[in-house]
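Each of the next two complexes has subunit A plus one other chain: subunit B in the first, subunit C in the second.
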Partner chain A sequence: MLSYVVRRLATAALILLGASFLVYLLTASSGDPLADLRASNAPNRQQLMDARSQLLDLDTPAPLRYFKWLGGAAQCLVPFAGTCDLGKSVTGQPITEALGIALVQTLTLVTGATVLAILIGITLGIVTALRQYSALDYGVTFMAFLFFSLPIFWVAVLLKEFGAIGFNNFLRNPVIPLPVSLGTGIVLGVVVAVAAGGEIKRRLISGGVVFALVTAVMVYFSATLWFKNPGLGPVVIGIAGVGMAFAVTTLVSGLKNRKALQASLIVAGLGVVSWFVIQPLLAQATGLMIFLLAIATVLVGVGVGYLMGGYDRGQSMRAAGITAFLVGGLVALDRFMQAWPTYFNNSRVRGRPIATIGAGTPNLQGDYWVLTIDTFTHLILPTVALILVSLASYTRFTRSSMLEIMNMDYIRTARAKGLSERSVIMGHAFRNALIPLATIVAFDIGALIGGAVITESVFSVHGMGFLFLDGITHIDPNPVMGVFLCVAVTAMVFNLIADLAYSALDPRVRIKA
Partner chain B sequence: MRFGRISQAVGVLAIATLALSACAGNTGSPSPTSGGAQEGGTIGVAETNGFSSFNSGTADGNSDVNGHIGYATHSNFLYIDDKLNIVKNEKFGKYEKLSDDPLTVKYTVNEGVKWSDGTQVSAADLLLTWASGSAYYDDSNAEKKTGTTYFLTAADTSGLNLTDFPEIGEDNRSITLKYSKPFADWELALGFAGNGGIDIPAHVVAQKAGLKDAQALVDLFKSVKRGDPAAPKPVNAQLKKVADFWSTGFDSKTLPSDPNLFLSNGPYIVKDVVAEQSLTLVRNKDYNWGPTPHADEIVVRTIGSAPAQVQALKNGEVDIINPQASADTVEQIKALDGVQLLQGKQLSYDHLDLNYSGPFADKDVRTAFMLTVPRKDIVDKIIKKIDPEATPLDSQIFVPAQAAYADSVKNNGSSEYQDVNVDKAKQLLAGKTPTIRIMYNKDNPNRVDAFSLIRESATKAGFKIVDGGLGKADWSAHLGDGSYDATIFGWINSGVGVTGTPQIFKTGGGSNFNGLSSPDADKLMDELIITTDKAKQDELQTKIDAAIWSTSYGLPLFQSPDVKAYSDQISGVTAMPNQTGVWWNVWDWARK
Partner chain C sequence: MSQPTQEEVALAQQVQHETVPGPGAEYQGLSQGQIVRKRFFGHTGALIGLAAFALIFIMAFTSVGFAGIPGWWKYNHVDVSPLVNDGVPSASLWPLAWGEHPFGQDRIGRDLFAMTMRGAQQSIIIMVIIGSIAGLIGAVVGGLAGYFRGWVEAILMRLTDVIIIIPVLLLAAVVAQMAGRRDADSWFAGFAASNGVVVLGIFLGLVSWVGLARLVRGEFLTLREREFVDAARISGATNARIIFKHILPNAVGVLIVNITLTMSAAILLETALSYLGVGVKSPDTSLGLLISQNQEAFSTRPWLFWFPGLFIVAICLSINFIGDGLRDAFDPRQKKFRAKSATDSGRHSSETAPASPAASGPAAADSKES
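Our next item is the complex of A and B:
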């Protein structure tokens, strides 16, 4: 095992060396960094050309310049020495500093989107695999491929037009006309009726219920100007909490495990109680406090599950823990909604909350809730855009992997010995279906660091993709190499991790040194 | 369904809470204590590039956005208005020409003009501006690779380099520059705010370079002799330290923790910078030595792509945008409600140059070729879709924004080339069919269009046109190497000042790529660069313009269109062709 890792790392280092040499030469020879100045009619043209040549060290041939760069980059291997030198960009900024800024911007932009895309993609993949060739399956496949094939700059521009500008205009007077409410209700009702599966009667009932619910909610929202002053309140939290308790229990242990269900319900009740208790505390919230509260919430849930016990204590703890987390999320969501009017009416926001550019409203001041809402309103559109285009690969991947597993002999055996469908899917199939995803997720993390060039440019986020592109346009190898190093190292490390994870996840795979 | 006792208790509890909360609803929820932000008169401006340096006068710091921020945070003896006139700012100080021969100029800063840390703007600051913009101490020789370049400035040093070490006034607020020969652009010698002006506080540079105070810096400057590239001296370590700090010490993408690094002596001061995202300017509260700003705060947002700028304007995130001009952008802006579109012209212009060699050695051939260039069609095809009122540019030296343009075009001979005249061209060619290779940047669609139209028209007169278009990375390296006969590319008119003229048109000028050598024009240019009177300069330039046209130099084609837009909740924004852009009257911006 150890020798395997060492061997892999050594190969990785060699690959990195060769690839970096190639990338450096390619970038350096991709054009003429003095091109714009050569055509200049500035009286000090020569002086400017000399200055740039000196800054980029153009008198040294590119292969030699690479080794100079390598000399500086090698110092990055010395930990904590602070001697890391990746050169300077054409504006004289040290690359290490530029990378620091760009990484933060890229990660804020892509992390949420990737995590959500993975979660939603896997869920859709599993569901469509279980309902293979159903209307739902075709519908999801159609949508996934539709979004997959849309150019992201176009999706992003449309999102900005309707999701930001249109929605902000709507918020000025958030009244939904009745036909719109009815129409939305009908559309969603039909979608649910088609997707629900089962007999006609069951489909009609679910479609009808959804139609009535959606229309009622929208009329209610419109009548109370809910979007101006949103909130859930304990009633909705309570109802949703009970629903979640049932849903989570169904998935984790099955409703037959009464103790687990009771634990989840208790936790949901506790959540509603906590809504009343915790408000003064939430008024002082900080990021750390929310994090600690989240952990505490899960621990309380697990604790309740432990006390309830039952024939499978683990299942109770899991169900209650997950329910606690979700209900806690609702309480937090409600608190965000309470802060919404303050954010909305803030003079910096000017009543147009959804942003089209950047990562935050400049100079916005406010408490944790207002600032976090600000981050959300800036991230929501790029996140949606990225999710839409990357959903397809996860959905399809999970679907095919799940289908393959569902046709395995051991699944048939499990069914034959009388296991419930839930434990066949959740216990036997689902986990194994996730193993191949380790590869794709590991790859995506490399891509994640590389940034989303187009999305970044449409939403004016100056992240890794921008840095890379900027380096290429200025024929400036240093930023390009900085981005390349980060991406390459992450990709290699995560590939290694994926391989190791494989052997940990799948007992059939053994790493032989 | 049988629930245990606990579940029953939970049920009761849940029902109780629901009952309680039903009365409470959301209106009864604890009122949030979120803190609000306060403001008054904020204006948002979009910039294409990210801010990177508080010294926009350095070779790496002279980007457009740095210049704009420098302009808003500094003052000078003058600024340039949207008609490209020099406007004196006597509240800051005054400059006066003491004598014409030798040219002697005295600069005096008014008392009470202060950096934002309270230090008076003094002779030391003027001296630092002079030292950084004069290359006085440099003794580097690019060919032999000897000597040192101290200050890495973006400014043209040829003017201030003519001066001796300045004389410092007794009030310590004035310096006197004595030129060894007259210098035409003497008024612009100390630049303007954000452009090689009095932007960098000497006392800060002195401190950061390990000197005691500004006086120590002045003493250092006094003690070092003028550099001589022919006889380079060892590096002066202390001066090098000063120059290095000046060149790179103010580079920062974020707000430095040391406020000395972003001192202001102008209407605004930087309050906050979020790297690559935004920069906030607030009023400089002491400022009363220039036009008074209206807005309390200006927020600069970095938005690279043009459609993103338009959408941000539509969504109210910015109030003023300056996107790259294109027909799409103009259409998008026109479709917006409550937005004013400002169409103007940039100082950059496209032109066709003919080499004075090869097939074009014969003046008649050049004239014939010029007669075939469909300038109106080119403007129609390339520019009209952006700016419907665009017309071809008719002067080699002036742009319409300059007062002298109208007079110059009347007599410079451009009227001959208003319309295509194939018959006359054929006459001049007298049956010859010269092969002409035209070089241009084929990655620039405008140049490709211009080339196609010229080829089509010139072929009719009997020219054989060879497409010499090259990729964007290659074409400029071929300028002046004789591998082509004609070329289409862009230049930037300096707008104010005349030293740019000989750079292009003088025999052997640094950007004279086509080998123009006109003794008449050379003589006039020799006179021009030592003429210090504006009216006389215009007169000379008018003559030079005509002299160049008379040699059948080639043709100016069109000025690049400039597109800006602003929300109609803002007033005071006007079009401005030079690099300062809309920022030139930042003090007039106001929220209605």
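Our next item is the complex of A and C:
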């Protein structure tokens, strides 16, 4: 095991050396870094050219420059010495500093998108696998292929046009015409009726319920100008909390486990009570406080589950903990909605909340809620774009993995010994279907750091991809090398982690040491 | 695959006996190639994809002409003509009409239909070049590494590892620089200046083979341990014969499917690079470049943005469906699973077959689509 890891790391180091040499040479030979100065008419042209030549050390041939760079980069291997030197960019900024800034930007952009894409993708994959060759399966498969074929820059521009500009225009007077409400209701009702599966009667009923609900909610939103003053209120939180309690219990333990259901319902009730109690505290929230509150919420949930017990204490704790987290999320969402009018009417925002570029409104003043809303409104479009294009592969992968598992003999055994369908799927099939996904997810997390070059360039986020692209256009090897180094190292480390995790999760796979 | 070897037939029969118990009779006495063809042409999505791609291909290459041969469309992608109706597209579905400028015109009066067709041509050319180069190198490298193992595998796979982490964007930028450098009078610069698309395709092909090589290697690693390879070796077959006659025909499914998927990714790669300004350069055009040039004009001339994008999606989607059909056709392990009938059979333990054709009416009907 240890010798395997050491050998992998040694190979990785050699590969990294070779690849970084190639990358350096390619960047350096991709053009003339002085081209823009040569074309300029500035009187001190020669001086500027000399200064840049000196800054980038252009008099040294590129292969030698690489070894100079490598000397500086090697110091990064010394931990805590603070002597890391990755060179300077064409503007004179140290690369280590630029990388730090870019990394934060990139991670805020891609983390949410990746987590959501994984969650949604896995859910869709499981559902379509369980309903193989149904209308839902065909629909999702087609959507997956469609999303797979979408060029992200095209999606991004469309989102900017309809998601931001169109929605902002709508917010000016948020009245939904009745035909639109009815149309949306009908479309969603038909979708649900097709997707629901089962008897015709069941399909019609669920489609009809969804149609009525959606239309009613939209008419209500329109009549109360909800989009100007959004909010949930304790009643909606209570209803949604009970619904969540039932849903979570169904998935985690099945409704037959009465104690788990009671624990979840108690937690949902506690959530509504906490809505009244916690408002003054939330008025002076900070990021750390929200984080601590979230942990406390989950702990309360787990505690209630523990106290309720039942024949399987673990299940009660899990169900109540997850319900607590979700209801807590609703309370936080409600608080964000309360802050919405303040944000909306802020002089910097001027009633056009959904932003098309950048990572935040410059010089925005406000409390925690307003600033967080600002981040969200800037993140929402790139996040949606990234989710759309990365959703497909997760869906397809989970689906095929789940199908393979469902054909296994031990699933038949589980059914034969009389387990409920829920525990066959959640306990036996789902967990094992996730094993191959661990590899993919680890690999994708490794690739996260590289940022989404195109998304960043469309939405003008100055992250890693932007730094990389900027380095290439200015024929400036140092930023390119900095980004490359981060990406390659994380990719290789996560590759190794993926292999180790696979053998840990699936004991049939053994590492050859 | 016109002459199936004995191994293929044996494998195909073994496959039906082992894993496709129900509909196996359907494939009785067919070679692997025939089975694959039959399954592919029974795949509705793949057929629609094939038809759509053929349509786009024919339209793109005949309308504006290709390689000096004139096409049937009256404009080309650089001609400037006076604006008709401020460049609004004249094509309409109801009443069905084609008109003077079906996809509209851009600000200076170039015909968007001609530009889109030219862009589609370029994208398809790049896609085919990338697919063939990547397929060839991937098959050779993966095959050699998987068959010979030892130091050959070590060297080739480390090379693969090096190439896989070099960012494609960087290579594209280098190529773009080379193609744009008109002052250099080497033969390469001259060639690159006149055939930018081909050079871009070749370079991208030279870096896109790595995933394929890994897959082919994996396939060779399992196939070389099979009995029929041992039998061939004992009867004195040379390495080349074993590779080309015995292993490659069995690995060709994985290869073809993944070449198709590489090609669909290649379309998106080319358009993305052109969008970022390091792919196809003006005055030539490509679908990505068209979108990049016109994204500012969305509010005034949205059609400049819609049509190239729709063509990217259409090409990519049809290739993906073809690839999916090929995967289903080549994968003999395909088996149906039905949650409902499986649960039913679980409850009534006398039924052992999870999905017998008689179990449910609609199931038997749509089982042909797999």
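Please note the rule applied: the second predicted complex is superposed on the first by the 503 of 513 C-alpha atoms of A that agree within 3 Å, B and C clash if a C-alpha of one lies under 4 Å from a C-alpha of the other, contacts with A are read in each partner's own complex, and residues count from 1 in each chain.
Everything below uses one rule, namely that a contact is a pair of C-beta atoms (placed from the backbone, for glycine too) under 8 Å apart; a residue touches a chain by one contact, two chains touch by 3 or more.
A quick note: this is a predicted structure, and the numbers were derived from the prediction, not measured.
**Student:** Please work out whether A:G360 is in contact with subunit B alone, subunit C alone, both, or neither, and reply first, second, both or neither.
**Tutor:** In the superposition, A:G360 contacts subunit B only.
**Student:** Who does A:L146 touch here: subunit B (first), subunit C (second), both, or neither?
**Tutor:** Once the two structures are laid over each other on A, A:L146 reaches subunit C alone.
**Student:** Quick one: is A:I101 in contact with subunit B, with subunit C, with both, or with neither? Answer first, second, both or neither.
**Tutor:** first
**Student:** Using the superposition on chain A described above, determine whether A:R352 touches subunit B (first), subunit C (second), both, or neither.
**Tutor:** A:R352 contacts subunit B only, not subunit C.
**Student:** Taking the superposition as given, does A:G31 touch the first partner, subunit B, the second, subunit C, both, or neither?
**Tutor:** both
**Student:** As a test of reading the superposition: which chain, subunit B or subunit C, is in touch with more residues of subunit A?
**Tutor:** The partner that reaches more residues of subunit A in the superposed model: B.
**Student:** Give one of first, second, both or neither to describe whether A:G92 is in contact with subunit B, with subunit C, with both, or with none.
**Tutor:** The answer is first: A:G92 touches subunit B but not subunit C.
**Student:** Once the structures are superposed on A, label A:N168 by its partner contacts, choosing first (subunit B), second (subunit C), both or neither.
**Tutor:** So A:N168 only meets subunit B here.
**Student:** Between subunit B (first) and subunit C (second), which does A:A135 come into contact with in this model arrangement: first, second, both, or neither?
**Tutor:** A:A135: touches no partner chain.
**Student:** Once chain A of both complexes is superposed, is A:A488 in touch with subunit B (first), subunit C (second), both, or neither?
**Tutor:** Once the two structures are laid over each other on A, A:A488 reaches subunit C alone.
**Student:** By the touch definition above, which subunit A residues appear in both interfaces, subunit B in one complex and subunit C in the other?
**Tutor:** The answer is residues 30-31, 157, 161, 165, 457 of subunit A.
**Student:** Along subunit B, where are the residues that touch subunit A in the complex?
**Tutor:** Contact set of subunit B toward subunit A: 3-4, 6-7, 10, 13-14, 17-18, 20-22, 24-26, 29-39, 42, 50, 52-53, 58-61, 63, 142, 149, 152, 154-158, 248, 251, 253-254, 271-272, 274-278, 280, 297, 299, 301-305, 307-308, 311-312, 314-317, 472-477, 479, 489-492, 499-500, 503-504, 510-511.
**Student:** Okay, in this complex, where on subunit A does subunit B touch?
**Tutor:** Going through subunit A, the ones touching subunit B are 30-32, 34-36, 38-48, 50-52, 55, 90-93, 97-98, 101-102, 105, 157, 160-161, 164-165, 168, 229, 231-235, 238, 242, 258, 262, 265-266, 268-269, 272-273, 276, 279-280, 283, 308, 334-335, 338-339, 341-343, 345-348, 350, 352, 354-360, 362-367, 369-370, 457-460, 462, 466, 475.
**Student:** Within the complex, which stretch of subunit C touches subunit A?
**Tutor:** Touching subunit A: residues 158, 161-163, 165-167, 169-171, 173-174, 177, 181, 264, 268, 271-272, 275-278, 288, 291-292, 295, 298-299, 305, 309, 312-313, 316-317, 320-321, 324, 335-339, 342-343, 346-347, 349, 354, 363, 366, 369 of subunit C.
**Student:** Going by the contact rule set out above, which residues of subunit A touch subunit C in the complex?
**Tutor:** 11, 14-16, 18-19, 22-23, 26-27, 29-31, 130-133, 145-146, 148-154, 157-158, 161, 165, 403, 406-407, 412, 415-416, 421, 450, 453-454, 457, 468-469, 472-473, 480, 484, 487-488, 491-492
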